[in-house]
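Next up: some structures, all given as structure tokens.
Same chain, two partners: chain A is paired with chain B first, then with chain C.
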Partner chain A sequence: MIARHFGIGLAIVFIASYALAQGMADKGGTDKRRSGTQDMGGVLQKMQDDDTANPGMLFVQLGGELWGKASGASGKSCADCHGSVASMKGVAARYPAIPKGADAPVDLEGRIDLCRTANQRAGSLTSESRELLALTAYVAHQSRGFPITPPDDPRLAPFRARGEKLWQARQGQLNLSCAICHDDNAGKKLAGVTIPEAHPTGYPIYRLEWQTLGSLKRRLRNCLAGIRAEPYAYDAPEYVMLDLFLMDRARGMMLESPGVRP
Partner chain B sequence: MANVLVNAPKTAKRGSIVEIKALILHPMETGFRPGPNGRIIPRNIIERFTATWNGTEIFDMEMSPAIAANPFVSFFAVASESGTVGLRWTGDEGFVVEERVAIAVE
Partner chain C sequence: MSRPGLLAAALALAAPAAVAQQVDLQVAPQIVGDAIPASLTGQPGAAARGRAIVANRGVGLCLLCHSGPIVEERFQGDLAPNLAGAGSRWSEGQLRLRIVDGSRLNADTIMPPYYRTSGLRRVARNFQGKTILSAAQIEDVVAYLATLKD
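Take a look at the complex of A and B:
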């Protein structure tokens, strides 16, 4: 009798620990995707993790000031309509998305600029301007630690599919596709740099080479120039399509904005 | 508008060594780049960073081109008395930023 009970007890413990191991495997074990952060040296990882050493946090701080500043003909600040920035928690994790009344997706920068022009009735902020980057960093920072969760909107599917096509297409004088580097050769070295898997987890990023904060768009323009393709115009829809595809490919990974990159 | 991040301990034991870290946002311009009109854009960098402890200078650094756009400086000081650490950045085009942090020494 005792032996039998003991046997059942063991079986239950085994099942419980098996289930636990499965749960953990789904979080870290079977998911082999790597954020660009994991491919950086320890010094840069520390810099990213320390909020008083991560230069991206200077832009988050600036974004906080802009959040409360009235602008445009409306005389309203972001805070006047949105209240505390805590209302932006999780927002960056589900962009690009299609704004109400529109039929094409915008990225987070685009959404912020929409509020700027339509709601604040102020001038559009140019790509990579300090103001737009700071506001984007401030909003994105609210989603740090949130898993990427693209919206279920079926209208996004054709845009995402076009993004994937761009990802697979060879282009530029070097005749390379994004996939050749970031799918087939990720983890290998390119002129001393580890080729990352290209997950958009840290954007906007403070890139030491740039000595400033930059958007995903700027990063993509760098990769396009790197294969000697002509980067799409700043307002081209291709960036949003690639962003949609990349966010879907990174579904479930944690946002870490503002990231630091070499 | 100046944006600064300072990392210093709020309290320290008398005689102990504390690390103070300071990061500042600055619109760095190297002085080597031509602008849209072809003329060189004037240099605009931070030239000097100094730190004081209750008014006495404890750290002084001269900066030159090619250090960093948004320099991050870390230095050490001996905590001898409670007081205020003053940080001051000065540079081209009349750039002056001052920041203070209090450290209680016990």
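Take a look at the complex of A and C:
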């Protein structure tokens, strides 16, 4: 009996320290994965961690205002259907997912836009618009500190597999793949920049180079442009497939949204 | 320039506006063993111009992956062998083939093929049908690398 309790206690301690290793620098844990946050300088890490300094928090604030604002033919706000934003805890940790009645996955932005068009009956929000980024940041912020937990939906498997294929495929004039940089050469220097492992833990992120918040999609488009590959169209399913693959690859890592990046 | 701005320029991740060349590969470079012995243009290149191409991350892109004896460029890569001494290790013909299409020597190489337009997927519209460097630029780069003796 005592031994059994001890065993459970150990398991809990193990899980807790595992979680800790994920959230902060990997302090000798068995999980060697690194969030992009750990590859940044201390100044930027501090900026991300301090809500009064993290410029992404301004978007979270704006998202909070939009959450309570009625719009569209329904005359309803997000809050009218969902109540407090606390109902959104953990949601960002399990996207992309397949919405009820659909047969293909959407990312978190896509899910929010579905609510906007189908439930609020308002106009669709364009990719990278201030409103969509703000609402996404507001919802994602509720999952800060939550481990990434992709849903157990077998229908997602073929989409994720296609995402992995895209990840492995060489493309563009430079003939490189995502995997070449982010699996095989992560941690090395591309010119002066440390190549991160490309975990989607911080999105949407405030990137100083953009001087605004941006989505994972925008980040992926930057990498595609870097290897001189034709970016997928803004509404292409490829981004969702890559997102599915990346979220699975980052399973168990902590969400940190809104992240800050150079 | 601020650090982020500098990095953006360095990585050319922002605007892929770099020089790209419309090529005519009517004369395929002649490979002999592990080398292309003859100049792609029939002329020798100029080492000084080659150095500038190697140093320019938006044109040669070399320093994204390689480091080299180009002291004024602070941000250099470490994905690939240092270019210092390349001219002692390799003949001009060997250097030429490694730049034209390193996959002829190592199918898994990550070094981009600088003078090949076939077998590439989803090339961005403004780079389609163009090689990364022109024949003349490659000759300049070869001439520069040949000067890098240990």
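Please note the rule applied: the second predicted complex is superposed on the first by the 234 of 262 C-alpha atoms of A that agree within 3 Å, B and C clash if a C-alpha of one lies under 4 Å from a C-alpha of the other, contacts with A are read in each partner's own complex, and residues count from 1 in each chain.
Heads up, the rule we're going with is that a contact is a pair of C-beta atoms (placed from the backbone, for glycine too) under 8 Å apart; a residue touches a chain by one contact, two chains touch by 3 or more.
No experiment lies behind these values; they were computed from the predicted model shown.
Asker: Of the partners chain B and chain C, which touch A:R170 in the superposed model: first, second, both, neither?
Answerer: second
Asker: Quick one: classify A:L62 as touching chain B (first), chain C (second), both or neither.
Answerer: In the superposition, A:L62 touches chain B alone.
Asker: What is the contact status of A:D235 with respect to chain B (first) and chain C (second): first, second, both, or neither?
Answerer: neither
Asker: Touching A:D31, do we find chain B (first), chain C (second), both, or neither?
Answerer: neither
Asker: Is A:D80 in contact with chain B, with chain C, with both, or with neither (first, second, both, neither)?
Answerer: neither
Asker: Kindly classify A:D49 by the partners it touches after superposition: chain B alone (first), chain C alone (second), both, or neither?
Answerer: So A:D49 meets neither chain B nor chain C here.
Asker: Answer with first, second, both or neither: which of chain B and chain C does A:T212 touch in the superposed model?
Answerer: A:T212 sits against chain B, while chain C stays out of touch.
Asker: In the complex, go through chain A and note every residue touching chain C.
Answerer: Within the complex, chain A contacts chain C at residues 169-176, 180, 184-185, 188-193, 207-209, 222-226, 228-231, 262.
Asker: Could you please specify the touching residues of chain B with respect to chain A in the complex?
Answerer: Those in contact with chain A are residues 1, 3-7, 21, 23-25, 27-28, 68-70, 72.
Asker: In the complex, go through chain A and note every residue touching chain B.
Answerer: 50-53, 55, 57-59, 61-62, 65, 130, 211-212
Asker: Can you tell me which positions in chain C touch chain A when the two form their complex?
Answerer: Interface residues on the chain C side: 3-5, 7-8, 10-16, 20, 57, 61, 63-65, 74-79, 110, 112-113, 120-125, 127, 130, 132.
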